[in-house]
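Which chain is which? They are A, B, C and D, in the order written, and residues in each are numbered from 1.
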Amino acid sequence: MVQGVILGVLTAGVYALMASGQTLIFGIMRVVNMAQGAMVILGAYLSYQLFTSFGVDPFLAIPATTAVMFTVGVAVQLIFLRPLHQDDRTQLSVLVTFAVALLLEGVMSVLWSTSDRSINTGYVNASWTVLGYQISLVRLWAFLLSLVALGLLHVLLRRTRFGRAVRASVQNPESARLLGVDADRIAAIGFGLGAATAAAAGSVYGLLYPFNSGSHYDLISQLLSIVVLGGLGSIGGAVVGSLVISVSTAVVASAFSPIWAPMTFFVVLLSVLLIRPRGLFGTAARGAL
Amino acid sequence: MTPLLEVDGVSRSFGSVPALVNASLTVERNSITALIGPNGSGKTTLFNVITGNLRADTGRVRFDGHDVTTARPAALYRRGLSRTYQQARVFSQLTVEENLVVAGGFGLAQLFGRRVNRRDRQRATELIDEFRLGRVADLPAAELSYGQRKLLEFAAVLMSSPTLILLDEPTAGVNPVLIETMEHHIRRLHAAGITFLIVEHDMNVVMRLCDPVVVLDQGREIFTGPPDAVREHPAVLDAYLGA
Amino acid sequence: MSKRNGTVAVVTAALLLTTGCSSPGGSASGDAGAPLVIGASVSLTGDFSDSGKAVQRGYQLWADTVNAAGGILGRAVQLKIVDDASSPTQVVTNYQNLINKDRVDLTFGPFSTLLTIPASQVAKRYGYAFLAPAGGGPKMFEQNLDNYFFVQPAPTVQSGDVFVNYVLSLPADRRPKTAAYAELDDPFAAPLAENVRQKLEAAGVRTVYKQVYPSETMDLSPMMGAIAALRPDAIIAGTQNEDAYSQVKSLVQLKFSPSVLFQSNGANSPMEFPDKVGAGNTEGILSPADWFPGSKAPGSADFTAAYIKKYGGTAQSIDDSSAEAYAVGQVISAVAARTNKIDNKTIISSLHAGSWPTLLGTLSWSANGAPSGEFNLVQWQKGKLLPVFPASVAQASPEAPKPAWGG
Amino acid sequence: MRMRRGVGPVRAAVFFLVLAVAPTFGLAHWLLTMLVFTLMFAVMASAWNLLGGFTGYPSLGHVAFFGIGAYAVVLWFQHHDISSGYEPFLLLPAIGLGVALVGLPIAAIAMRTRADVFAIVTITLLFVGQTLAFNLRDITGGAQGASIVPAPFPADSYEIPFYDALVVLLAVSMGLTWATMRSKVGLSLAAVRMDEDKAAGIGVRVQTVKLLAFCVSVGLTAMIGGIWAYYEGFIYPQFAFDPLISVAMVLMTFLGGRATLWGPVLGAFILELAQQYFAYSLGGSRFYLIAYALVFLVVILVMPRGILPSVRDRLWRRGRRRIVDAQLPAGDGPL
């Protein structure tokens, strides 16, 4: 039980990181990014490649992978999302980003084949014994890294001019435009940022779990549940959603039965939606960052 | 006889920001009441509370003698209270005719009947003629000009034979000819016995058309009286110029 | 208005009609000299694609070997391999196309029971023999198809029997007293582990933990944590691939090393397993295998040599799915050699009788296509996967108890 | 709405006549098999359109109901023997009705959310369905899968009963679509799609039509699930609740044209035939996924409203008219 909670909390960090990118993209553009999972996996492959070819530690590879993925994110926004018409952008963007996910999956399966990969560093199996409980070193590092990344994201949104512009466009796209915020630029950078968080999370994900080009399907269903649970557009909500989901899953798996673990968070999600259709921290018309 | 609409001490806030503070208002039968006030004074919020689109935190709303504070918009619509929106909300991919028909209200049984039957068409055609929309009757509303859409939305609310119509800025952003058209229709319908509550920025229109005028400022009602008195009233001047 | 669209639909339909009707009348095999076309749908993309490609290599290798020796009854073997993208819908279409459009002479099976069942029914409908290197789950044999032959030593569920026999062969004081079972919820792994559990319980091994986990479980740590807390003598795991690696990794992190660790799959992968869990952590782990490097079974040496020649690598790098696929071909060659005929009827009637030597050992089949042999038990010893039981094939004696992690 | 009378019904009659007589020309089995799968998707796309196209609620979880239908047939066979082989087809209306009823409370909850969140909630349904199918072993056989006795049809005409049943279902589905478009249900659904709050405010029976569309749509989908299970002879949770089936329905509808009568069917014929054919003939080149995704993207970017509306627009450009479910009014352009 306690072991389950420890695991859950440590895992939540990584999910929070992936989900924060997802929710950031939604907050800025009202786009449900179905490709977030595929971007995470792409990030994992990139750091896998850096590790196997050049021996770069996945944690150290993060600046490089985030930079690459930032570019990918900007490109996706500029090429595929910007041309969409405003009227049915929400519906179409779900499809477009899904197609992007398929595209990335296809590219990944060509580049790395479809077999499972995992990043095996020397310390991947190391663990510490604390009060009789085992804490995996990788998970701890992953957790800390996610906290740092989330912290950076927070600072970026709260303390910089870009952040203010982003928050303004989340609150009210109309007035943001009146204030001279270049919506297209913000959207591109926002999508880039979302992809960058996916890359950071991907490096960590590759250390924790085996992955293949099709792994993104499982991932996206969980990410979507997390962001809907927390409330679309709310980064705080994404963090809380990750905690709820990964702790409940881990506890159910270790104390009850793993076969019902995947069901756990869907049940949590549906019951939350029954009471609050907009999620835990979602707000009616305006987003909240 | 009781007034048609009574708003009594309604408050509503968004988070910590109060939009309406103990606001009250009365609309007498067969009047054209204007609701004016500076930007952000709570006019649209009050509209939304009256029509049931927003729930009041405190206070009561009575329509035609019934307490409708917690009524849903659809229920009020069926009772004869209908509204237009500031940005003219019409169904862009429906034709003008269909926009009228869909506003006409129909029961469960009719749901499975023809999309537009002969009776619908008859009723719609009358309005189309009255509002001179005949040339565009078969076009999707998306093809209309902004002013035509405002006219269409106005015409559509008449499909349900309302007793009270709330118009949210009927003349905003339309050309002078159309302003006259709007005024003409309001007068005509008023003569036919329909009551109006109008949010309007154009003071000339208010002066020509409305009596009484209600002034809202910072969520409070600060003045109610005939249009001539509005211009001289110190509180009103304060509200518009002072803040 | 959209008359054009209607027209498009009609034209499309008409086109389909004509192409459909004009499909070749096809000559029903038999001419000597004409190539022997064998069709197979294999998962080259999608969930099962890894093993799918290994199966493809096995088929191809057999075809090359046979053709180098003059073909089958003088007919060159020609493979037509198509992709089913791991989809049950596509696999049906593919065998339909292979049989009725391309009129192949024989069909070989796809990968996985899940795809084999719908595919074998199509083959059955048109009287084709269906030899499959994969598809040994219980549901497959419940179909009672007389054209189906599972080319492995035993139904997958019984591949743990060899482990049970090994445990029972130990003197009572060296047998594990308690066992924990972790079972992947798929058509093979969980029934396999259940089969082992029932037999071990009957033999007095107490079950202290039993849990089934779904296939998409990425994180097995919670379950392995629960097992480690109970400190069982043996962990018996019904596994596939990645979950086997994850289990070992979790146990290493939890610093718990049971004295017996049996994994039904994954651990018998000679290259990937040490790569994924770390070579130092493989020592002493047990797994069943039909083919293993250095096997003395008929044709094994030729197969190994040919494989390395064509695809490179070492004997250690050969996936046993390739060997199983190769064995399918061996069986066909054997039928041709014994009967001097190569048609589906002959194949079906021949294979229900007698025994057939392959590189997986000597195979024979019951009426529903279930083979009646036994697997071998292999164990990791000093970085190599060696057969340790039964004694007839053993290349080393079993190492027990399993040493601590890291060597 | 003055339509060009006669053209629609004639087109439909020709289409269904061709479909109905096609097998009597002795179509090869492989072709019939492809047509069977294509028709399945045509019905499902058409059913999806009733909800996703007309109402604008993009369900990504329809396959959950497909799976329920599939398992319903399995369940039935657990307690009954097969005799004529037609029993599962006779069972279909009951499955459709049953699943429509099951869908009612689900719709009531799910449709509390709007477009994007609704899409996600329906994805959740899919995974709930899959997990239940895996875990309710006594009913579904869990991860062992469940097999169905093969239909006792002669090999020569094995596909025909499936084919015929699907043609009937396609007629039903398109008939319902046509009836929807011509009735006030369609008018109400269109209003919901364009501005649900406003529609509710003017007394449109928003809830009723939404739930109706959902239930009819999932009921039809479930019936296809039943036929699919029977045709495959073996089902497995991952296959019966395959997200890609959901995606296919959406994609076909978008490709052909949302909220049109023929669009989803056209989309299904193009996509499913192409997919089945290319996966077979191109022999699993890994570039297949990339090509698929690129086609998908190009279609959405170039023809965001689908083939039919875009083509019609182009043909009637001088009319500058938008057609969604409003049929084009007759006559020549605006005055």
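Here is the rule we go by: a residue touches a chain if its C-beta (ideal position, glycine included) is under 8 Å from a C-beta of that chain, and two chains touch if they have at least 3 such contacts.
Just so it is clear, the structure is predicted and the values come from calculations on it, not from any experiment.
Ranked by separation of Cα centres from chain D, the top chain is B.
Chain D has the C-alpha centroid lying closest to the overall centroid of all protein C-alpha atoms shown. For the pair chain B and chain C, the distance between C-alpha centroids works out to 73 Å. If each chain is reduced to the centroid of its CA atoms, chain A and chain B end up 45 Å from each other.
Per-chain CA centroids place chain A at a distance of 37 Å from chain C.
Residue positions of chain C with contacts to 2 or more other chains are 45, 185, 214.
Counting partner chains per residue, chain D shows two or more touched chains at residues 131, 134, 286, 288-289. Residues of chain A in contact with at least two other chains: 109, 114, 259, 262.
Pairwise, the chains that make contact are A-C, A-D, B-D, C-D.
Those residues of chain C lying in contact with chain A across their complex are 45-47, 49-50, 185, 211-214, 216-223, 225-226, 229, 241-242, 245-246, 249, 252-255, 275-278, 281, 405.
On chain C, the positions that touch chain D within their shared complex are 1-6, 8-10, 12-14, 16-17, 19-21, 23, 42, 44-45, 81-85, 87-90, 92-94, 96-97, 99-101, 113-114, 117-118, 121, 124-126, 137-139, 142-143, 185-187, 190-191, 214-215.
Those residues of chain A lying in contact with chain C across their complex are 3-4, 7, 11, 109, 114-116, 118, 120, 124-127, 129, 134, 136, 208-210, 214, 218, 250-251, 253-255, 257-259, 261-262. Of all residues in chain D, those touching chain B in their complex are 1, 181-188, 190-191, 194-195, 197-205, 208-209, 320-322, 324-326, 329, 331, 334-335.
By the touch criterion given at the top, residues 26, 30, 32, 80, 83-85, 88, 90-92, 94-96, 98-100, 102-103, 105-107, 109-110, 114, 217, 221, 224-225, 227-228, 232, 259-260, 262-263, 266-267, 269-270, 273-274, 277-279 of chain A touch chain D in their complex.
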